[in-house]
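Shown next, in C-alpha cells, is the structure this report addresses.
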Amino acid sequence: MTRPGLLRTGAALALRDLRLLWRRRGDALQPALFAVLVVVLFSLALGGEAELLAQVAAAVLWVAVLLSGLLALDTLFRGDAEDGSLEQWMLAPVPLAWLVLVRTAMHWATTALPLLLAAPLLAELLQLPRVQLPTLLAALALGTPLLSLIGAVVAALTVGMRRSGILLALLALPLYVPVLVFGAGSVALATQGLDPMGGLLLLGAGLVVALVLAPVVAATAIRIALN
Amino acid sequence: MLDQPPPTPLLRARGLRFTRNDNPVFGPLDFAVEGGEALLVRGGNGSGKTTLLRVLAGLLRADAGEIEIDGLPTRPQLRSQAMAYLGHLPALKSDLAVLENLQFLCGLHGRRRGQAPEAALAMVGLAGFEDTPVRQLSAGQKKRLSLARIWLSPVPLWLLDEPYANLDLGGIELVNRLVQAHLRNGGAALVTTHGAYAAPPVRTRELVLGGQVEPVPAP
Amino acid sequence: MNPVLRWFHQLGSPPYFDRFAARWAPWGYGLGLLVMGVGIYLALFSVPPDYQQGDSFRILYIHVPAAWMSLLVYVLMALYAAIALIWRIKLCEILAMACAPIGAAFTLITLATGSIWGKPMWGTWWDWDPRLTTQLILFFMYLGVIGLYHAIDDRRAAARVASLLAIVGVALVPVIRYSVVWWDNTLHQGQTVSVFGESKLHASMLPPLVWMVIGTKFWFAGSLLARARADNLYREAGKEWVRKLATGKQRSGSA
C-alpha cells in the first residue's frame, strides 16, 4: 500500500478529533459558557443599563471571545504531547505543518464555532444594536480562525512545558492585538455608518497569510520544543 | 554467494554522535542493519539507548555523523518515513476505542498490504476488545495494541524501545514472534532492552552502548 | 582563513568569550556613562527652553533615544535569534537572550519618560497615544521572551524556543504598530496630542540628542557583554575552565 497523502492523513486526524469531541461532548460547550459568564460579569459591573451596554457591546463581546479562546488554547496540543501522539505526527509521511493545520482547524471548529453560534445570543444580552450584528458576525468569522492560528504558534512554543498558564496568555495577547483592533474596529466603523470593509479585508488578508505561515512556524516550534 | 555484491544494508550509521549540554551521550557509532536481521541495543540506564533510537527515527538531530537508508543519505524528516517507532509513550487516546485508535494510526502511517486491523488485533490477543475504550485496558494490553500498530505499519524498519516492558511471558513471546515474522518478510528491527532474557530468536547482533561499541554476533 | 572569520569562530568558544566580555564590558559602561553624561549636561544647560513646552520638553533627550533603542534591540535580538536557529551557534543564543532584559528596560524607560512628558500636556499620567501604546505592547513582548526563556529547564531548548518567539515577534511588530495607528484613527475618540507637540526639532536642539543616541549604544554594548558573560558562565558551570576561573579568583583574593 502506498503511504497516505495529505487527504488521507488529514481525514484520519479530523475523524479522530470528531470522535474525541463526541466522547466528551460536554466539554465543547465550555468556551461558549465562559464567554457568557464574561458577558454577564461585564453587564453586572457596568450596571446593566441598556444605553451604556449598547455602546460597549461589541468590545465586550470581542474580549469575551478572546479570553475564552485563550483558555481553550491549552487543550490544542497538550493531550497529544502528553501521550506521545505528537511524536507519531512527526514521524508521519506528511509534513507536520499539515497535521498542525488540520488539528487547529478541528480545534477551532470545536471551541470557537459554538462561540460564533452563541454570538447573536451574547449580542442580545449586551443590547448590541441589531444593525451591527452582521458586521460583528463577519468579523468574528474571520477573526476567530486567525486567533486560533496565532494561538497554535504560541501553544506550540510552550508545548514542552508542564504548566504554562499565565505565560501562554502573556505570549498570545500582544500577537492578538491586531485581530482585536481590526475586529472591534470594523464594528465601530459600522456603528458610525462608515464602511467596515477596510477592517474586514485586513482580517481576511491576515487569515490567508496565517493559514500558510502559522502551521509552518508552529511545526518548527514543536520540533524545537520536543527536541 | 560467490561473486554477488554485498546487499545494501537497510540502515547504516557512520560516526554517529550525540551530546546533551556538551556531555557526550553516545558515539561515535558505526553500524549497519540488513534486511532479515535484528540489532539488539544493550546498555545500562542512561547509556543512551532511547536517545539512539530517537536519533535514528528522526526525532532528534545527531551532533555528527550520517545515517543512510538503502544506501542513500537521508535528512531526519525523510528518514522517519522509512521507519516505525515504538517509544515509551504509546500515542493512544484513552477516550477512543481500541479499533478507533488503530484506525487513526493506520490512517496516519499507512497500512501493510493485505493486513486488516481486526486480524492484527486477533494476532496480539486483543480479539473482542475492538470497542473497549483504551482507558479500560491494562498496561500490558496497551502494549499489545501498540504492537498491533507496529505490525500493521508498511515500513521495513522497526525501532522498538523496550518492547518487552509491561508484558507477561505470553507477551514477550508475542514480541519475539512478531519480530521473527517481520524479519522473515525481509524487514529489520532495532530493539533496546535491559533484560538478559528477552532476545528474539532470530539472526541477531548486539550493539552495546556505554562501553565496547562493537557488534558481537550472537551464538 | 580570513582573520575576521577566525576571530568570530574564536569568539564562539566559551572561555574566549568570557575573557573578551570581561575585558570590554567596562569600556562599554564607562564610555556610555561618559557620553550620556555629556548629552544630559547639554540637554539641561545648553539648549534653550522650547517656546511652547518650556523646560518640560527636555525629557525628550531621554525618551527618544530610549524609544529608538527599544526597537533596535528587538531587531538585534531577532537577528541573533535567527543566526542561532539557522546555524545553531550557541553564542548567538546567549546574545539574543541577553538582549531581552536590556530592551525591556529601555522600553520601560520610554514608557516612564513618555508618561512624565505627557503629564503637563495631557493632564493625566497616561493617554492611549499610538506610540506609547505600541511601546506598551512591545514591553509585553519582551516580557514574553524573558518569561519563556526562564520557563524551560533545558537551557538550549529554552533559548531556541524563545528565539523563535523573538523572530515571530519582530515580524509582527510592524503589523501591531500599523494596527495601533489604525485603531487610533478609527476607535480612539480622544485627543491625540503627539508627544512631540507642534514644534519640530530645531537644528540647535540636535547635538544633545546625538550624544544621547551614541551614549545609549555604548551602554547597551557594555550591558549586553556583561549579561552574556553571566549567562555563558551559568551555562558552562561545572566545566574545568569555569572552576579554574572561580578558584583562581578566590586564591588571588580579587572580586
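Note that the chains are named A, B and C in the order they appear, and that numbering of residues resets to 1 at the start of each chain.
Going forward, a residue touches a chain if its C-beta (ideal position, glycine included) is under 8 Å from a C-beta of that chain, and two chains touch if they have at least 3 such contacts.
For clarity, every value in this text was computed on a predicted model and none was experimentally measured.
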*Which one chain sits nearest the middle, judging by mean Cα positions?*
A
*asked:* Based on mean C-alpha positions, I'd like to know which chain lies farthest from chain B.
replied: C
*What whole-Å value do you get for the distance between chain A and chain B if each is reduced to the mean of its CA atoms?*
38
*asked:* Taking the mean of the CA coordinates per chain, how far is chain A from chain C in Å?
replied: 33
_Measuring centre to centre with CA averages, how many angstrom lie between chain B and chain C?_
49
*Mind pulling the residue numbers of chain C that touch at least two other chains?*
none
*Can you list the chain A residues in contact with two or more other chains?*
227
*asked:* Looking at the complex, which residues from chain C come into contact with chain A?
replied: 85, 137-138, 140-141, 143-144, 147-148, 151-152, 157, 160-161, 164-165, 168-169, 172, 175-176, 178-180, 182-183, 186-187
_chain C partner contacts - residues on chain A that touch it in the complex_ = 153, 157-158, 160-161, 164, 167, 170-171, 173-175, 177-178, 181-182, 184-185, 188-189, 199, 206, 217, 220-221, 224-225, 227
*In the complex of these two chains, what residues of chain A are touching chain B?*
1-4, 8-9, 11-13, 15-16, 19-20, 23-24, 79, 82-85, 87-93, 226-227
*Please give the residue numbers of chain B that touch chain A in the complex, ascending.*
57-61, 80-81, 83-85, 87-96, 100, 103-113, 154
